[in-house]
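Pasting the structures in now, so scroll down.
Below, chain A partners chain B and then partners chain C, in two separate complexes.
For the complex of A and B:
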């Protein structure tokens, strides 16, 4: 019996270490396979050059710009929308309607990304094309609009969670002072739960940058540097998905690992910043 | 001034709520209107007799059946990789790991949870190529590699949900069995796990949903457009999400496009059902598992 106990406990430990090892292994694989890129400062060249396979220049600068513009524009749409929805769920909405909205939001986290992309291509892209009368409609704007719908549930659920943690006496005090609901949100709930709001924002940024399918399906995947929101663009994630067929030994293929490393490092930064936001002792404003 | 602010604030939150509900309604409604009429037996099984297809006696060539089977095989395989490891690691995190070691572990699991799925896919693809070069030339991206990569993708969810639902148990429950002389392991298996079963189970179901919907990982690790029902775990396979993606970019005629809509509805229904199950499980499973004879 004792022996079995020891064995089972060992198994728990091994499982945890194995999961840790996977995390490190993924990064190690990227670095080792992308190793030729690091020789002679080539790595930083990659980050600033355009993608011109005919001139054997394989820079990923346009993809970095694409990722940043699509995800930041997506957040610009999603943040106010999520803030409004979470305020609706926590404060403004009638009870039944709030409950329906919250259930819908929870259900939205289960909708496959590829379905957003599919509906985007056949519903949103033609609309954008008609409104702006330029290009195919597959552009940064369409992708970021869809992306905002994708990240909304993440944000709303984190926001409402942190709104719900505001102590009831605080809310009662606001009511007792004659504050209306808007004042309650602006002066009591938001200042108290800024940490949750920031966490939600950062995690959604990570989700937006890491998403592949929407950008791949709707953003058009042009390798040129985008100049307006109506230009087609390619993200780092879509780039990985598109170049995969190339020759394994080529420099072209090696640049994928540069994309992977950038995305991985970005993920690490996000995990670290969320941690530091939530670990500092609570300071009163 | 305050009156205006109140009106604007309230109006804004109503508008946001309606916009979001409207968008979801549009997305689902659009799919249903365009695709519901094409869903029938023939779409799934093509010209093959359904009974023969279900018993794998005959291959289905022009239906969604291989994609559905591929998705199910993929989910089953990757969940069976991920669940034992994920649960064990979660138990370790909640019950054994302490202090700064725990902080290090959870940071790494946070990173693992945040890694974009395409990067995990790239990892799986590189592993397949690596094995192909140095181990055996028979290894190619296949169902096995996909399932393994997907298992890495859902591992952090499993660890987190297990850990959190164990940690949320009250001190009273936690201490009773040891006070009666139970060992730590007996306490875990007979008291703590049964008590947190609903949390753990909903974590498992959520990760099934993730496996079923993910497209980015599998498109790098062995999914193809037509392969029929996978013959072994080392062969190529079809999957619903990839089929939807493929149709959206490469459809040649209206019939194919319609089958894309139908596939999207089927996938949506599968994911929706899984999601409903988590709600059901959260409320009911503990009740049934613990208090019913």
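For the complex of A and C:
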């Protein structure tokens, strides 16, 4: 082997070990610093109690509900939109238009979320407030609408990739049987690429749960348990951002590690489920 | 990828060379200096910090000054841990914080905290009891205050905010803030949500009040600069810049500049009451 090859190989090896180590170290860091919570048996209390710092109750239940409702509602909005858009790109659209559309979507993945949040405050929030005539417009609905724009590009790109993997003979067979484009999507492409669709959905859920800025800026951040989609709510990520300035020694600050651990567990479950979907044989021959 | 707080980072690259002024000015002490000053913390301070930084960086473009928000708690914590050179706070640091971090504090202006509503709101005067009831969630509709039949949207700041600390202590008498309240992360953020929400109520540094929001007269006293100065408007606080230990070098010069006639004039121009 040439010297340069060996060097490159070493470099890749170090990079792989380093990124794995950082992931594990961060988790260990949170568990160790959150240890007092586990020891005191408060950890599970936290998961079910409200956040009332003036009464020394630091439960994060409302934030867990906030995170789950905002991200899952966002996904509900984004899913049909993305499915339609990717079907258009891979099947219905004229070649050139599809290409332009796909490039645009790729471009959209890079937009910082703070920009969505900013636009949301000035455009979306007043509209929601006026339409529903309830609350301030800073609510779960506004945040999830913006989140759906955020996760759409991820979903669309994964969907189109999996649609494009459908073997050509399958499509030819559908054509030969006289199937039109709609039938081709419904009976050939979707059944064949459901794993890709599921992967896209789960990865987008991870993206939606991990986002901070959108929820912080437009969800309102109230600590009360939300009862409707028009209520103001706080996500785990926004909660960490808001409480981070508390005194290091306080219990208030320590509960942030509980938030961190929970977010970590959510994403781990997501990553594992994606892997289990993809580890099964992908192509049926 | 995400930041812990909305940061207002202001870096001004002076492209033009400014001929040194022929008269003596407080900026002269920055002559021939080089380096950076990092500032973070209180968001009420930002307009003054930006203006001071701009003037210093135009005068001498070898100096770079970065300004971030985060709130008073963040400012005190970051300067204590040596992450920034100056940590601003809209409240005096507690004795514990001063001892833990060996903080040296400099109070360069006085500021009021005013209650604000949207200019379209007809309710422009409240008693202190009404204010406490609004923020604790007892009064939830503007019609109880002779306004429209609309739910009141309460906006507050996070715990790191010095503005909140002062408002909570002096306006709410340490009363409860409803858990339905929406949280905003800076004075500027508060102003923009209130200016866009016709049924909102919140509080900001008096220096931030402009025509996009309407100040609320509290117990017959309007939150104006004049009333704060005369001591009639009681919800007031000092604006502090804190350093870890005695400041030195550029940091020292920056703080001296804040206390110079020019620095104090900037504070006055931005709606605060100079201490000198």
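One rule holds for everything that comes next: the second predicted complex is superposed on the first by the 265 of 285 C-alpha atoms of A that agree within 3 Å, B and C clash if a C-alpha of one lies under 4 Å from a C-alpha of the other, contacts with A are read in each partner's own complex, and residues count from 1 in each chain.
Keep this in mind: contacts are C-beta pairs under 8 Å (C-beta built on N, C-alpha and C of every residue); 3 or more make two chains touch, one makes a residue touch a chain.
Nothing here was measured: the structure is a model prediction, and the numbers come from that model.
Following the superposition defined at the top, how do chain B and chain C come out on chain A, clash or fit?
clash
So, does A:191 touch the first partner chain B, the second partner chain C, both, or neither?
It touches nothing on chain B or chain C.
Taking the superposition as given, does A:136 touch the first partner, chain B, the second, chain C, both, or neither?
second
Would you sort A:121 into first (chain B), second (chain C), both or neither based on which partner it touches?
In the superposition, A:121 contacts both chain B and chain C.
Output check: A:36 vs chain B and chain C. Expected answer is one of first, second, both, neither. What do you get?
Once the two structures are laid over each other on A, A:36 reaches no partner at all.
Quick one: is A:213 in contact with chain B, with chain C, with both, or with neither? Answer first, second, both or neither.
both
Quick one: is A:97 in contact with chain B, with chain C, with both, or with neither? Answer first, second, both or neither.
After superposition on chain A, A:97 lies in contact with chain B alone.
Which partner does A:241 reach: the first (chain B), the second (chain C), both, or neither?
After superposing on A, A:241 lies in contact with both chain B and chain C.
Is A:167 touching anything from chain B or chain C once the two structures are fitted on A? First, second, both or neither.
neither
Is A:224 touching anything from chain B or chain C once the two structures are fitted on A? First, second, both or neither.
A:224 contacts chain C only, not chain B.
Tell me which of chain B and chain C touches more residues of chain A.
Larger number of chain A residues touched: B.
Flag for me the stretch of chain B that overlaps chain C after superposition; candidates: 78-86, 222-230, 258-266 or 276-284.
Of the candidate stretches of chain B, chain C runs into 222-230.
Take the contacts of chain A with chain B and those with chain C, and give the residues found in both.
After superposing on chain A, chain A residues 113-114, 121-122, 211-213, 216, 237, 240-241, 244, 248 contact both chain B and chain C.
Which chain B residues qualify as touching chain A in the complex?
These residues of chain B touch chain A: 2, 5-6, 8-10, 12-17, 19-21, 23-24, 26-27, 30-31, 34, 84-89, 91-93, 95-97, 105, 107-123, 125-127, 129-130, 152, 155-156, 159, 183, 185, 209, 212-213, 215-216, 219-220, 241, 244-245, 248-249, 260, 264, 267-268, 271-272, 274-275.
Can you list the residues on chain A that touch chain C in the complex?
50-54, 113-114, 121-122, 125-126, 129, 134-138, 211-213, 216, 220-224, 232, 234, 237, 240-248, 252
Which stretch or stretches of chain A touch chain B in the complex?
5, 8-9, 11-16, 18-20, 22-26, 29-30, 33, 80-85, 87-89, 91-93, 97, 100-101, 104-119, 121-123, 149, 152, 180-183, 185-186, 206, 209-213, 216-217, 237, 240-241, 244, 248, 256-257, 260, 263-264, 267-268, 270-272, 274-275
Spell out the residues on chain C that touch chain A in their complex, using ranges where they run on.
It comes out as residues 2-6, 70-71, 73-74, 77, 151, 153, 155, 158-160, 176, 178-185, 192-193, 196-197, 199-200.
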